[in-house]
Amino acid sequence: MESISFWKKYKNILFLILLIVAVAIWKPHAAIYGLQRGSLYALAGLPLSLTLGIVGIMNLSHGDFLSLGIYIVYMFSVNTRMDPLVSILPVFILLFLLGAGVYKLTVAKVLKSGHLNQLLLTFGISMILLEVMNLIWTSRPRSVYVGYSSSSVTVAGVRFGTYEFLYVAFAIAVLIGLQLFLKKTRLGQASFAVGQNPRGAKIVGINTGFVYLIVFGISVAILGIAAGVMVPRFAIFPSVGSSYTMKSFCLVAMAGLGNLTGILISGIALGVGEAIVQSIPGYAGWSDIVFFGVLIAVIMIRSIRRPSL
Amino acid sequence: ATPIKIGAVLPLGDITGDQAAKAMKLAVAEINAAGGLLGRPVELIVIDDELKPEKGAAAIDKLATVDKVDFFVGGMGSSVHLAQIPVMKRYQKITIWIGAASYLCENAVGPDADWYFHLHPWDYQQGASYGRGWTELSEAYPEIRTDRIFLAYEEGGFGTASHESYVALQRQAQQGEGAWAAIMNDYKGVSFKSAALGGGDYRAMLQQAKAYNPDLFIWAGYDADALPMLQQAKEIGFAPEFFVGAPPGWPAHFGDSPLAEGVTLYGMWAPTINKVSPIAEHFYNAYIEMFKEEPATYFAPLGYTNIYFLAEGIKAAGTIDKAPLIKALEEVEYASPIGEVLRIAPSNVIKHQGFTAQKILQWQGGEQQVIWPLELKTADPMFPFPSWEGR
Amino acid sequence: MKIAKPLLILIALTAAMLLPIMTEAYFISIAITILTFMTLALSWDMMLRTGQLSFGTAGFFGLGGYTGIIAAADFGVNPVIGIVLGGLVAGGIALILGMAILRLRGLYFAITTMALASVFMVIIRNLHRLTGGPSGKIVYNTLFNYDSSKVYWFLLAIAVGTVVISELFQRTRIHFAIDSIRADETVAKSHGVNIYKYLIFVFVVTSIIQGVIGATYALQYGFVYPESSFSPHYLLLPIAMALVGGIYSTIGPILGAIILGLSSEYLKLIMPYGHLVIYGVIIVVVVLFMPDGVYGAIKAFFMNRKRRLEER
Amino acid sequence: MSILKVDRVTKRFGGLVAVNDVTMEIQKGEILGLIGPNGAGKTTLTNLISGVHLVSEGKIVFEGTDITLLPAHKRCKLGIARTFQIARPLKNLTVVENIMIGGLFGKGENLKTGRKSALELCEGIGLKKPDETLDRITVLDIKKMEIARAMATNPKILFLDEVMSGLNMDETRDMIYTVRKIRDTGVTICIIEHVMSVIRELTERVIVLDRGEIIAEGPYSVVSMQHNVISAYLGEDA
Amino acid sequence: MLEVKNLNVSYGRIQVIKDFTFSVGNEAVGFFGPNGAGKTTLINSIIGLVRPTSGEINFEGQSLLDRETYQIVRMGISVVPQDGELFPIMTVIENLRIGSSYIKEAREKTSERLEFVFKIFPILKERAFQLAGTMSGGQQRMLAVGRALMAMPRLLILDEPSVGLQPSLVTELFEKLAVIKTEGVSILLSEQNVKQGLKVIDRGYVVENGTVVIESTADDLKNNEHVKRSYLGL
């Protein structure tokens, strides 16, 4: 029983490591780039998995909060010359407060009226955020340059960038942090309870409003971490984060609701898949097909095996 | 007197449309300050197309029927324009367009629309103009070689059109024809997903470019791609002889980045043109004075040109009646802040095409210097592209 | 009350039909856009009534558009036939895909439909010869040769047709089938409802509508362009309209489309910059204060008044 | 004559065997009691027969047709109806509309006749507010609605899963009367119940399930004396 | 300990609880009454899930009216809701643990409490790692009762705990409740199985149409004609 569950638990991770090793032998760059970008997808997807997968709040403005975080990092850099990676700390706090505030003012009021109203609400919020950023900073991209962001090393004749390994590190760190939060803290445990049955959660003494607030705040705040690591490598413009909303939703669907480790695995798997296609001359245009094709395949296969409740 | 009404449709949420609109306002203000046209004041009505085709089309209808404008101006995206063309055909008002580079728009307009003037060069014209540019440059600087050309193009319509026109130009070049006849030997195009559309990882493409080892590396994408592309090129150690970018605009403070030095670009305008063109300098200063911001894209001087070109035509015709005005516009020679004189000539399909060329510029010391056309040159080209070491 | 409703519908319909005669091209053009989005919103809502949240609207819209343009450009068919083909192709593909994906539920169905829409786009973008690839494709014989009144009437007919289908869905046994599926599939199937059949049926019908409207849109302007034909705009805006108006009804999406369609134009006129912020604010305010949409709020208002009157 | 035959049916959920090699027959026209401890597999058996779950092994035959692999809606149309232990009202529909679902799809009525017969069923079972929405009615009414909804499909056999639980004596008596009436129209009934007074009063025969297996079968008066039944299920008190 | 005075509760315009007054001391109190009488509504107003229109609810001298459910629960009231309100995709043991996790006093005694619950319902131990949502109806009921017991409440409210339990377990449950009562826990019980309920309670209220129709001791209730006929089936 024990060994079976161990195998079950780590099966996917083992597969992933095997996949990366295999790809690394075949196309080292695809493996590295895929691992790096995939981790970034996961880093952005993890907080959505927390809000959507665990407590069941639908957030279409996810990516726009990421954009906002990116602009805040930018402002820190412009006004205080703070290194983007250092600014993660204050940005994390600022975004937490912002997320909590937005939650309190709006999301809290539509929790009871279901997913669809959350969808509409956050669509509206997304629009407001996007347009306000556009008004303040215009559509013209900005950037923060730090020397280390394009550093590289050569190992066994393969030259590759080192900066983006930060995505991997941060994604793993956030994953572990979230897992610890969910498994080891009572607030984390309460998140599961609140997600499954808010009324039941109240009955056992959980302050559900507080749990929602914290979880929403944390998920927005984590986007601040993503923003901090992204800024040195990304052009900064209002819709820079937009595409991460759908990507994150895709990851959550692929990993399965509530499966955080699955987000990292799926993110990297999709990243590597994309990178392989991009590395085949003449087929770069098809890389989205890999992304979506794998996604659909995984969802379909899982639906066949889904245990009945 | 009743005003002459000009209706503009632009994407105001985008820096290009926003600044074009501002430049148009500047031009109108200047014209009115000078007493208007034909003794009538000029009125400008600007509508946001939100980059959405159906909104752009509705805007034309509104300008025509509610505001009852006399002329249509403006333009940015090709897809918005494609939706506007049928509507414009309904009104057949004199239309002077500064956006939309896709040849499909020209096909949609058709050869008979004598009321249609298009100022922005078409995609194929841009490709050809670069050929002329590099030919002249390699004559002026014999060390410059452009034998092997690698084009990285964003996988959307904007980039793919560039690729297609290069493919056609290469075919001609192999038969010893066309603008690239003498200078292009081998060509390779690889697409990438633009950061503006959710992409931004160019490394796979750059690896292919590095392996190809081009003389001329050109990327056709958006302003959001500019810096990340350089960073990633540095990361993989890819430094071609010429690193050329062809986005419609550049990021703010791009010149401040150490990676910018020596980057070549295709564009229609740069602030340095002030040094060689008084009208450009006038425009530049007036714009800053009026809006307290710098013109950041070539759509600003283009928008200014858009109004003045029309105004010159009206002045010459002495009327706003369609037939004589079209005739007059065909004859107008307007020295524009873009740097060159605007003259109308036929293009592949339409009768009234304005500019046909972009310029070749280069980032040097944080500024865009003109290196071609040679008569507008503000600096000598820097090449080969400086190595990545130490920046 | 009994006569008032048909009368009201008659008046609204007559007014709608006379609109091109009474107003300027601008309003026709706005009305065309509103009808386009209204039909999309309604079709999305019709699928939602089965409990399935579809994110595939833009996909079938684009598919219909491409079919219409290709039919007209490469095979020279009449645009109206192109539109019919657009519907058929969208419906056919929905049928094939539906058989596989309609076993999915909730988020999984939603994301899969969205992913499929993206797959359509990538495929179309890479089939240069047929579709024009990333540059798009144009056609010269547009729908009714740019005559916007005719386009309007045509769209009105499609919209009315969709309304009729929606009402049929609300008034026939289909209503009971899809409502029971939405509420509890186990109960539905245990009481004789063939869930799969109804889901596929509704999915195909709504996809046909989306395909038809996509083809109409494309042929009216005479072009398709991957980024704009499959734009998420044709997914999110209809959803917003349906929700703002009030879901699970015919009137709701109609109201929503009119409200959001008009207000977006109006806002733009009074504030050229930043109008989209206000637009977003309107949406947020509607959700916060009218959780059941505008139609839901109106219904509740009259319900309360009726009750108050009864109590007196 | 047997109407339904369950032939060596097993149902496994992962490692757990919920129903284990059960063979039984239900006779036409009888009221059969299905009893047994919590988790014995009674509801699961109902789910297998009505098609909510598919069997892991074995065969189910209804009126001579093998229905083992038939989807639920087809079984319903053949004449198998059921209620749910944890009531499952369709909350977006009114009481009468809930009932109409059965008529429209189980029996194939049209809207008009469907509504009419649903209203008749409401009246027959004592649902006084047919147009009320489901969040406003009591547990008893929801149970009645579930029975009426099942009856609307015009079943030949009806499975009642704990419809009497949570009712007081008055209400229980009422419900027993209702069940009898249904049987008198010729419907075979299989009733699952933990309230023994009901089983005693209603059933002609009971089957006792324990850990997925049949441990006793016969009239309640006999079975309830059996040692194994008492120790596994009834307790000393009953 | 718990005092409810002149309570009125409405859903929309329908008044469900009318001027209801009752109290629970250091004892077990029962609510009996037909379906729809308002028992669940009453319980829900005590624990703050339903907001009364007027009246008073005091627990150990403190008003519960303006408190959130979680605060009320943390004051020492725990409830077995009528429909269980379990966490379906958590395991049995997680459901139980959560019952004590958010109540300070109970948290430290979690393992003791688990043993206690497992003794009453051995099946819960056997199925500790099964998902709650896949348990049988009766098993879920046990879990709901078990979860409430985990909280070590001073007032235990049970809304029809015996529904769906096999007869032997019903007997056992009420025996255990009697024991719990002697340990100083007050009990408020709403129950249709009046015969069993009467074994535990000290006093009872017969609730009909949102008001008290009979209030008396357990023994008197046993002999009351109305109770006999409608609730005991005699």
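Residue numbering begins at 1 within each chain, and the chains themselves are lettered A, B, C, D and E in the order written.
One rule holds in what follows: contacts are C-beta pairs under 8 Å (C-beta built on N, C-alpha and C of every residue); 3 or more make two chains touch, one makes a residue touch a chain.
Because the structure is predicted, anything quoted here is derived from the model rather than measured.
Engineer: From subunit B, count the fewest steps through touching chains until subunit D is reached.
Structural biologist: 2
Engineer: With contacts defined as at the top, give the pair, A-E or B-C, that has more of them.
Structural biologist: Answer by contact count: B-C.
Engineer: Report the inter-centroid distance (CA atoms only) between subunit D and subunit E in whole Å.
Structural biologist: 28
Engineer: Need the CA-centroid distance for the pair subunit A / subunit B, whole Å please.
Structural biologist: A distance of 37 Å separates the two centres.
Engineer: Quick check: how many Å separate the C-alpha centres of subunit C and subunit E?
Structural biologist: Averaging C-alpha atoms per chain gives centres 50 Å apart.
Engineer: Would you pick out the residues of subunit C that each touch at least 2 other chains?
Structural biologist: In subunit C, 125, 273, 276 touch at least two other chains.
Engineer: Could you tell me which residues belong to subunit D and also touch two or more other chains?
Structural biologist: As it turns out, subunit D has residues touching two or more other chains at 13.
Engineer: In subunit B, what residues contact two or more other chains?
Structural biologist: Within subunit B, residues 13, 155, 197 contact more than one other chain.
Engineer: Which part of subunit C faces subunit D closely enough to touch in the complex?
Structural biologist: Per the touch definition, subunit C meets subunit D at residues 172-173, 176-177, 179-180, 182-184, 186-195, 248.
Engineer: Would you tell me which residues of subunit D are touching subunit C in their complex?
Structural biologist: 50-52, 71-73, 76-77, 81-82, 84, 88, 90-93, 97, 100-102, 104-108, 110-111, 114, 149-150, 152-153
Engineer: Considering the complex alone, what residue numbers of subunit B touch subunit A?
Structural biologist: 13-15, 18, 155, 190-193, 195-198, 200-201, 203-205, 207-208, 223-228, 231-232, 234-237, 249, 251-254, 256-259, 296-297
Engineer: Using the touch definition up top, name the residues of subunit E that touch subunit A in the complex.
Structural biologist: Per the touch definition, subunit E meets subunit A at residues 47-49, 68-71, 73-74, 78-79, 81, 84-90, 98-99, 101-103, 131, 133-134, 147, 151.
Engineer: In the complex formed with subunit C, which residues of subunit B make contact?
Structural biologist: Going through subunit B, the ones touching subunit C are 12-13, 46-48, 50, 52-55, 57-58, 61-62, 64-66, 78-79, 82-83, 85-87, 89-90, 102, 104, 107-108, 110, 155-157, 159-161, 164, 197.
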